[in-house]
Every structure is written in C-alpha cells, then in structure tokens.
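Taking it in order: structure first as structure tokens, then the write-up.
Chain lettering (A, B, C and D) follows the sequence in which the chains are written, and residue indices restart at 1 in each chain.
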Amino acid sequence: MFLKEYFGTIYKSIKSLLVGMKVTGYYFTHLDEIKTEEYPDNRATLKMFDRFRGEVVMPHDDNNEHRCTGCQACEIACPNGTIKIITKQEILEDGKKKKRIDAFVYHLDLCTMCNLCVVACPSDAIVMAQNFEHSVYDKKQLKKILNQPDSKLMQGVE
Amino acid sequence: MEINKSMEGPLTFPGQVHETADGGILVTKLDDVINWARSNSLWPLVFGTSCCAIEMMSAAGAKHDWSRFGFEVARATPRQADLIIVAGTIVMKMAPVLKRLYDQMPEPKYVIAMGACTISGGPFFYNTYSVVKGVDHVIPVDVYIPGCPPRPEALLHSMITLQEKIKNEQYFKKKIEDVR
Amino acid sequence: MKILLTYSFSSLATYIHNLLAELITNSLLLQVTEMVILGVSLIAFLVVLCFFLGYMERKVAAFMEIRLGPNRVGPKGSMQIVADTLKLLLKEGLTPDSADKFLFNLAPVIMVIGSMMVIAPIAFAKDFQLYDINIGVLYVSAVSSLGVIGILMAGWSSNNKYSLLGAMRSGAQIVSYELSVGLSLISIVVLSGSLSLGDIVRSQENGWWIIKGHIPVIISFVIFIIASTAEINRAPFDMAEAEQELTGGFHTEYAGMKFAMFLLSEYINLFVVSAVAATLFLGGWMPFHIGGLDGFNHIMDFIPSSVWFFSKTFLIIFIIMQFRWTFPRLRVDQLLTLEWKYLLPISMVNVILVTVMAIMGWHF
Amino acid sequence: MRGLIEDDYVTDEGEFVINIGPQHPSTHGVLHLKVWLDGETVKKVQPHLGFIHRSIEKMSESLSYRNFIFATSRMDYLAAHINNEACALTVEKGLQLEVPDRAKYIRTILAELTRLQSHLLWWGCTGLDLGAVTPFFYAFREREYIMEIMEETCGARLTQNFMVPGGVMYDIHPNFQKRTKEVLIQIKSKFQEYDNIMTGNVIFENRTKGVGFLSKEDAISYGVTGPTARASGVSCDIRKLIPYSAYDQVQFDEILGTGGDCYARYMIRMHEMKQSVSIIEQLIDNIPEGEFQAKTKNVIKLPKGEFYQRVETPRGELGVFIVSDGAASPYRIKYRSPGFSNLSALPLMAKGGKIGDLVAIMSTIDLVIPDIDR
C-alpha cells in the first residue's frame, strides 16, 4: 500500500510537471503567438484611442485663435492645482474692457490626467491630447503655457 | 541604434557642452564603446512603490517587452543594478531608504523619475504633509516622465531618452582631463 | 566535406606542438608554453560559449513567455550579452566595508576556477580531450562540488544576512544532491566498466547507454538531470539565490566584475553538467549507432563528431532552461525531502538493478 | 532609520533577525517586515507600515466632493475603478440621488473587468513570488486586453477616474460591447492553460497546500475580508450581502472555501475570475438605454450627517465613511481598506512556517501597500 502511494505520487508529480512543460513548449514552438509590439519601431502606426488622456492642450485654429475665456472653471475643478490662469484686462475695438487670458499655465509634472478640467470647461477650450512621449532631462520643461503667443479669443465665444 | 537616432529626440540637455574631439580619436572611440555597452545594458532595480510600478510591470510584460532593449534583467539588489526607476510616490519615511538604495548602487548609476508623484509630488503636491515634493530632493534624477501613471510606451521612451544621454557621456575624456 | 571528415583535433595539436618545438628547445619551457596556449584558448572558448548560453537563455525565456527578447543590440540582439559583460566589467567594483575582504574577493575566483576545471576530462569531439584521466567520472563529481565552497565563502564573507541564508541553503542542497548525482553516474560506470570518460564514450560505439540500458538507465538519466540542476543552483532549485525570498542570495553584495564571474561560472556549470550528461548517457561525440546496422552507422559517421556532441549538450541545456522558465521554486525543506525521500532511494535501488543487469548481460 | 531597522544579527533568544523590505521583490511595494528566524523557520513577523503613507484621507478633506474621487484611484490602484465607485456611491447616498440604470450597468461591468484584471495580475505575481516567471507574462497578455477596453472607454489604463457622483463621466465607447465580448472569449479559453501551468503543478501544490492556515474564527476576529476570508469559510461578499449598483440584477455564486490555506485562497480567486466573466456576460448585452449620468448641481454639498458605503474590491471589503458638516468638502473621510485588516492576520499565518511560506502567504493575501497605508 505504501509503495502504491509512493509511486502514485511520483507518477502524478511527473505528469503535472510535463503538463506544465507542454504549455511553455507550445509557446516556444509557436512563435506566431508572440504578442510584442515593438514600440519605437511602430511609432508610425501606433495610434492611441481617441479618449486616451496624454496631456492637456488648447487647440488653436488657423487664425491663431483659441476658445479660452479665462473663466477659471478648470482651475477650480483641478484637484491638484495643475492649471494656473493669469488674466489681463484687454481693451476691445469698441472701447469696452474685457478679461482675457494672459497665460494659461499648465504643469504637466503635476497633472494626473483625471479629465476633470476638460469636463468642467464650458467653452471646450481645452482638450486631452493623445501624445505620451513627454520624457525630458529637465523638470522645468514640463511647465507649459498652453496659449500660443499673440493668440486671441475666438469670435463668438463668451 | 539607427532607430534611436531617428526618434524625434528630446530637447537637448541644458548646460551640456558639446565639445569637439580634442582628446584624440582613440579616446573618443573608447568612449563610444563604453557608452554603447552602458546604454544598452541598463539593469533596473526592482523598485516600485505604487501605481507606476504596475505600469513598469506592464512594460516588462509581453506586449511592451522591454527585454528587446536588454532591460529585462531586473535585479533585486542595488549592488547589481544600473538604473533605479522611481515608480511611485516617495514619502518622508521612504526617502532615507531610497537614498540608501541609491548610495548602495555602484557607479555609473542612473535615475528615472516616473510619474507625477516622483517628479513633483503630483496629486499630493498640495494638502498633504507626508509626501516628498519631487524625488530630486533626495537623489539626482536623469530623466523625468510625467503621467499618472505614464503608459508603458512612455516608460520605454524615457529609457531611450536615457540611452541618448548616456551616449553623450565622456568617461575616458573626463578621466584624462582630471589627470591633466 | 572531405576536410571536415578527416579533420582531427589531434592532428592540429600535433602540428602546433611541432611548430613550437622548432621554436623552443627547452622542454620545460615548451610544456609551459603549450599549457598557457591551451588555457588561454580554453578560457576564450568558455567565455564565447557563455555569451552564447546567455543569449540563448534570454531568447528561450522570451519565446516561452510570448515575447521577443533582446533584438535591438546587434543583429537579432546577439550583441546584448557582450554589452552586458562590457558594462559589468566597467562598473565600480564594490567591496562592502564590513565584508571579509580577502574571502569576498576570492569567492568568485574559486567559483570560476572550480567550474572551469571540470571541463578537462570532457571529450568535445573525436580525439579531442584535454586530459583523458583514468578516473574521469570521479574527477568530475569531485571537482564540480568545489563550487559550493565558493558559494559558502561568498555568503559568509559578505556580512549580509540574506547572503548567509543563501549560502547555508546552498551548502545543504549541494551536499545532499551530490549523492544522487554520484549514484546515477555509478550506474553508467557499472555498465561500461570504466571510470575514464573516453572509455565510456567508446563503450557506446554500438548504441548509447540510454538506449542500450533500458529503463534503469533512463531512470538514472532523469535523476541525473534533476539532481544536477539542483547542484548547479538553477531554478526550480535556485534556493541560494531565490530572488523573491533572499533578494540576491549569496551574491547580494557582489557588483560589477565579481558578479560577472558568478554569472560566468553559472553558465559554465550549466554547460559542464549538460556535457557530462551527454557523454555518459547519450554517447558524447559518438554518432547515433545501432549495433549490427553497418550501413546506417556509416551514414551517421558522416556528421562530424563535434556536431553530435554539441547538439546533444544543447538539447540537455534547453531542457534545463525549460525547467527554469516553467516551474515554481521549491521550498527549502521540500528540496531536501525530494532528495532524501525520492531521488536517493530510487537511485539506490536503480544502481542495484543496473548492476544485476550488467552482471547478467541483459543490456544490448 | 535607527531603531526601526534591527541591526543586531541575533537576539538574546538566539533568533536571527532579518528585515524584509521596504524594498524587496516579494513585498509588492514598500512594506517592511521584521522577521525573527530560527534557521529557516519564521518565529515572529512584525509588519511596519507608513512607507507609502500619502495622507489621502486628510487630503480629501480639503477637496470638493467632485474632486476627491480621483485620489482614491491611487489607494488601491489595481481596483481604481471600484474605489472610485465606492466614493461615488457614498456621495450619492448622501445626496439621495437615483443613479440611472445605464450608469449602474456600466459601473458594474467596469468593476468586474477591474476585478478580472486585478486577479490576473495577482495570478501572475503569485507565480513570480513562488519562482515561476512565465505565468506573469501569460497573465499580462490577457490583462493588456482589459487595459485596452479601459483605455478605449475611460481614457486611462490604470487610474481611470471614470466615476462622477451621479453616474459615469462619459457614455461607453461604441466598440465597448464588441471588444468586451471578444476579450471574454479570449480569457475564458486561457483558464485551462492557467491550470496547466500553475494550479496542477506539483511544486505549486506543495508550496501552497497547508501553508498559512487561517481559521474561520481568526478570520472573523481579525476582520479579514475578501477572498482571504472566504477561503476560511466566512461569507463576506458585499456584492451578495448588500448588493449595490447592478449586482442585484445578476446571478453569481459567492465562492466559499474551507481550507483556509494558501491553496484555498488561490482557488477562490481562480473561481472568482470565472464568476466575473459570467457576471459581465450577463450584463454586457442588456445595458439599458438612457442617461449615463444623473443631473447634479455644479457644487455638490452633502447634508449634515454621516454616510457609509461598502463595496467589494478584489481584495475585500472597502468602506467609505464620510462625515459631512454641510459644506462643499467633507469634514472627515475614513476608508476602511481591506488590505490593512488582511495584513494584520499575516503574523498569525506566517508563524511557524518557512521564509518561502511567508512569501507565499503574502502573495495569496494579495497585498497592495498603498491601500494599507493610504
């Protein structure tokens, strides 16, 4: 009885080990199962999903106009102070004084891509871009000003 | 290596002086060989504190597979590691440990700050009392990747960026200049 | 093709000997020079072999793990291991302050020397054996256990708790598994009637022992593979390193070149163990012969003997690598249970079976 | 670090003291375990916490109810979705807000996908902890599929932040249902392979069977929850006991084990993966049409009072306790995290085992350290 149990254990053990080796052996012999995407080589074809959140950007149209009114809704919505909006008073053509953004400061180093600012924006001025290659040698380069120099508010956006 | 060059390179390192080769061709060639070896054999330390560690594991996984670059030899002991990827928040209590780990690594050693928490404290920059506001307060950082957490591809990008940096190092030339 | 067939290492050795003899008249100096040339070429061969094994291991692991493995440094990633070695050589060689410095630096050297010495009696090809010692099997099993001294030394001198634990584990492990390895070697010695590895290979002229010896030899082959995997500290028996438990095990404190020497000795050990298994059980350089079928045997002779040797060796290396990338690690007490409760009794009974078989002449 | 990390080699009783962690491959993060050893046998284990204490609770007190949810993703990052859901549910409870059915269904599907990916990662890491490297890669292959679903619909891989009080942030992506069904077929076909390479393996069985025993009484008295407790026979599945979201709409089994050892915990999780697949299959074709988000005010203010909501994360019961004084941000938040209670049972389980057992126990409890320290 003891011997039967003893050899039964050995038989079962060896069988289980061979079953395990069959799995790895299968993948070793079936190289088409390889799932690797070669990242820097596939940059041309690598496309992120539309909703992927890489960084906050402010789209500008051809006339160098953006949609940000400087209402600071995003700044309030941001849980970790990533966005700082600096506003200025601008005299329009009809002589009225209006609040306009001077600098839309965005700290990429603080941003957690939580999307709350984009949701909060009433005029769809900021969107999430899909790029992710942000590596830098210097931390200071991660502080960005999103509005381009000399950009203006788009007509009709209030 | 061609691919690395064809990558849209990162912004040039500020303060890096690109000297002309006055140390002789031999020295430059030796430097090239050393930098080639060092940049292609970055063994990371198994070091992860939070979310970014999972993306670091994803980068090791089959889909992204950092072993293509030769990074897969993750060492558990700092003595054999070349690179410390600070993946996750460093809090005040962890900072001395991180410092000690960094000190235990033999030269040359490199640091990648992965994710918002390690760059600047990230989501824990305001309103918390316990988080180190940027791991560069504790150890010198070579490459920063923002993101919370960054994609595995972003981590690979940062490691390629680090390779670029290592390729510009001048080991022998510096030695010769020290002697002079 | 003709050259390949008649090519013999002994003629090459004679040629070099004659050449040197013309240049150097002093017989002692001649001998020393020859030994130096031999040693240097052997070390170069082993280093290249280890490059290849390292590359192979990384690729095998990658393919089993559905990924590509190194493919960016050099063609198909073949220069990856060269870059790693070069980097390790150029890295700062640390010696911890509280370590026993002499032993700490001696340990990797002993490891490498111990594993390189085992190469001596192994026949790589027909008429190519460095030293056909008449007690080859005994020599192999004796010298291969030298490595444990290096591990114990490394673990103790590092002044690190993990290292000490790893070294102690390794000591217990290698001493135990030495028995099974020895007993499974004995079964072949009994069958072939010789301790010399050259004679053992020649005894397989009409068939390899694994075929001639029926089930008992197959059992001792399996036991040899398992026990020697344990003896060279490879997963699933890598108790001494056990990354998840002991971070780096006995080489936790080693960096740079000294660590590279541990890696070197690990791969040489892997090669040696596989080569010994191939020599004893699969006929070494002996082509696949079937007793009586002269025509078939003649065709097999067309394949060079070194190809036979290396293909057998690498087959076994591959199997040992597959073990590593498939199985979980044993626990330290289970490791000893496996040896003392299963491998040792079975191999003891097996030796008796083999002896009976040899006496009665039941084998082919 | 003086005093914290033991410098003595040997105690007066002849016990060998080693420090596992804060940086160690098997602690899954920055847990520090002080271990007293007698040879290889573990005499005593003492966990030290705080190496990743980020004061999320304190921080949440200064954030608005809409904003504090994102921080909880960083607590138990493998179940970020479920953490977010717990917070959203608590705020909705306070507001007495009725969440649209569509949002409930989406939440449940995503939560189960989260559970699936968390268990997959745990499975791979258990293999890694026990010395088998390959399962890790097989698990991550399937996990990447789920990550793709998450990315397509939520926009991020790990810390999705897809929950808002009142529903979900966006409607599901048009491809969501199709992709999820494809992935489920993929994953279901791989369960046999997982069993072949790990579950049936004799070394694995020896490493886990009878190791790290936790009795039912101990599990209850230590407040252990989740698969760890269910392996000891404690019925504690919040999804079954107090259904939230769409869990009352689906049929699934609460898996109960009896062994209380590592192998039982392992098997519970393996079965839970199959249950998660079946839950998603029941829901995926029946997502009701309608709004995905209930109308909420721009600035959410909870009425004065205390609100508590429990959910089932892959690791156990997560409780969110909010004390509100009627302002726009919580007065006090307390998370009852599953990892903390589960870890407290570790010294009990590890006592008398070997170092290898300690590793096996840690991996089958499935510790996520930021969840413990918060």
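The definition used in the following text is that a residue touches a chain if its C-beta (ideal position, glycine included) is under 8 Å from a C-beta of that chain, and two chains touch if they have at least 3 such contacts.
For clarity, every value in this text was computed on a predicted model and none was experimentally measured.
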Exercise. Indicate the lowest number of steps between chain A and chain B, counting one step per move to a touching chain.
Key: 1
Practice problem: Would you identify the chain whose Cα-based centre sits farthest away from the centre of chain C? | Solution: A
Self-check item: Pair with more cross-chain C-beta pairs in contact, given A-C and B-C
Solution: B-C
Quiz prompt | CA centroid of chain A to CA centroid of chain C, Å | solution = 50
Quiz item: Rounded to the nearest whole Å, what is the centre-to-centre distance of chain B and chain C, using the mean of the C-alpha atoms as each centre?
Solution: 37
Quiz item: What is the distance, in whole Å, between the centres of chain B and chain D, each centre taken as the mean of its C-alpha atoms?
Solution: 31
Exercise. List the centre-to-centre spacing of chain A and chain D in whole Å, with centres computed as mean CA coordinates.
Key: 25
Quiz prompt | chain A: positions in contact with at least two other chains | solution = 17, 20, 23-24, 34-36, 38, 79, 112-114
Quiz item: Which chain D residues sit where two or more other chains touch them?
Solution: 24-25, 63, 70-71, 134, 136-138, 141, 144, 159, 197-198, 201, 203
Quiz item: In chain B, what residues contact two or more other chains?
Solution: 3, 61-63, 65, 68, 76, 123-124, 126, 148, 151
Quiz item: Quick one: do these chains touch in a line, a ring, a star, all-to-all (complete), or other?
Solution: complete
Quiz item: Taking the complex as given, what residues does chain B use to touch chain D?
Solution: 45-51, 53-55, 57-58, 61-63, 76, 88-89, 91, 93-94, 96-97, 100-101, 123-124, 126-131, 148-149, 151
Quiz item: How about chain D: which of its residues touch chain A in the complex?
Solution: 63, 66-68, 70-71, 134, 141, 144, 148, 151-156, 159, 161, 164, 169-170, 173, 193, 196-198, 200-203, 205
Practice problem: Going by the contact rule at the top, pick out the chain C residues touching chain D in the complex. | Solution: 61, 64-67, 161-162, 165, 169, 235-236, 238, 242-247, 325-334
Quiz prompt | Residue numbers on chain A that touch chain D, as the complex places them | solution = 12-13, 16-17, 19-20, 22-24, 35, 48-49, 51-53, 77-79, 112-116, 119, 128
Quiz item: Any idea which chain B residues touch chain A in the complex?
Solution: 3-4, 7-8, 10-11, 13-14, 62-65, 68, 116, 119-126, 134, 136, 141-148, 150-151, 153-154, 156-158, 160-161, 165
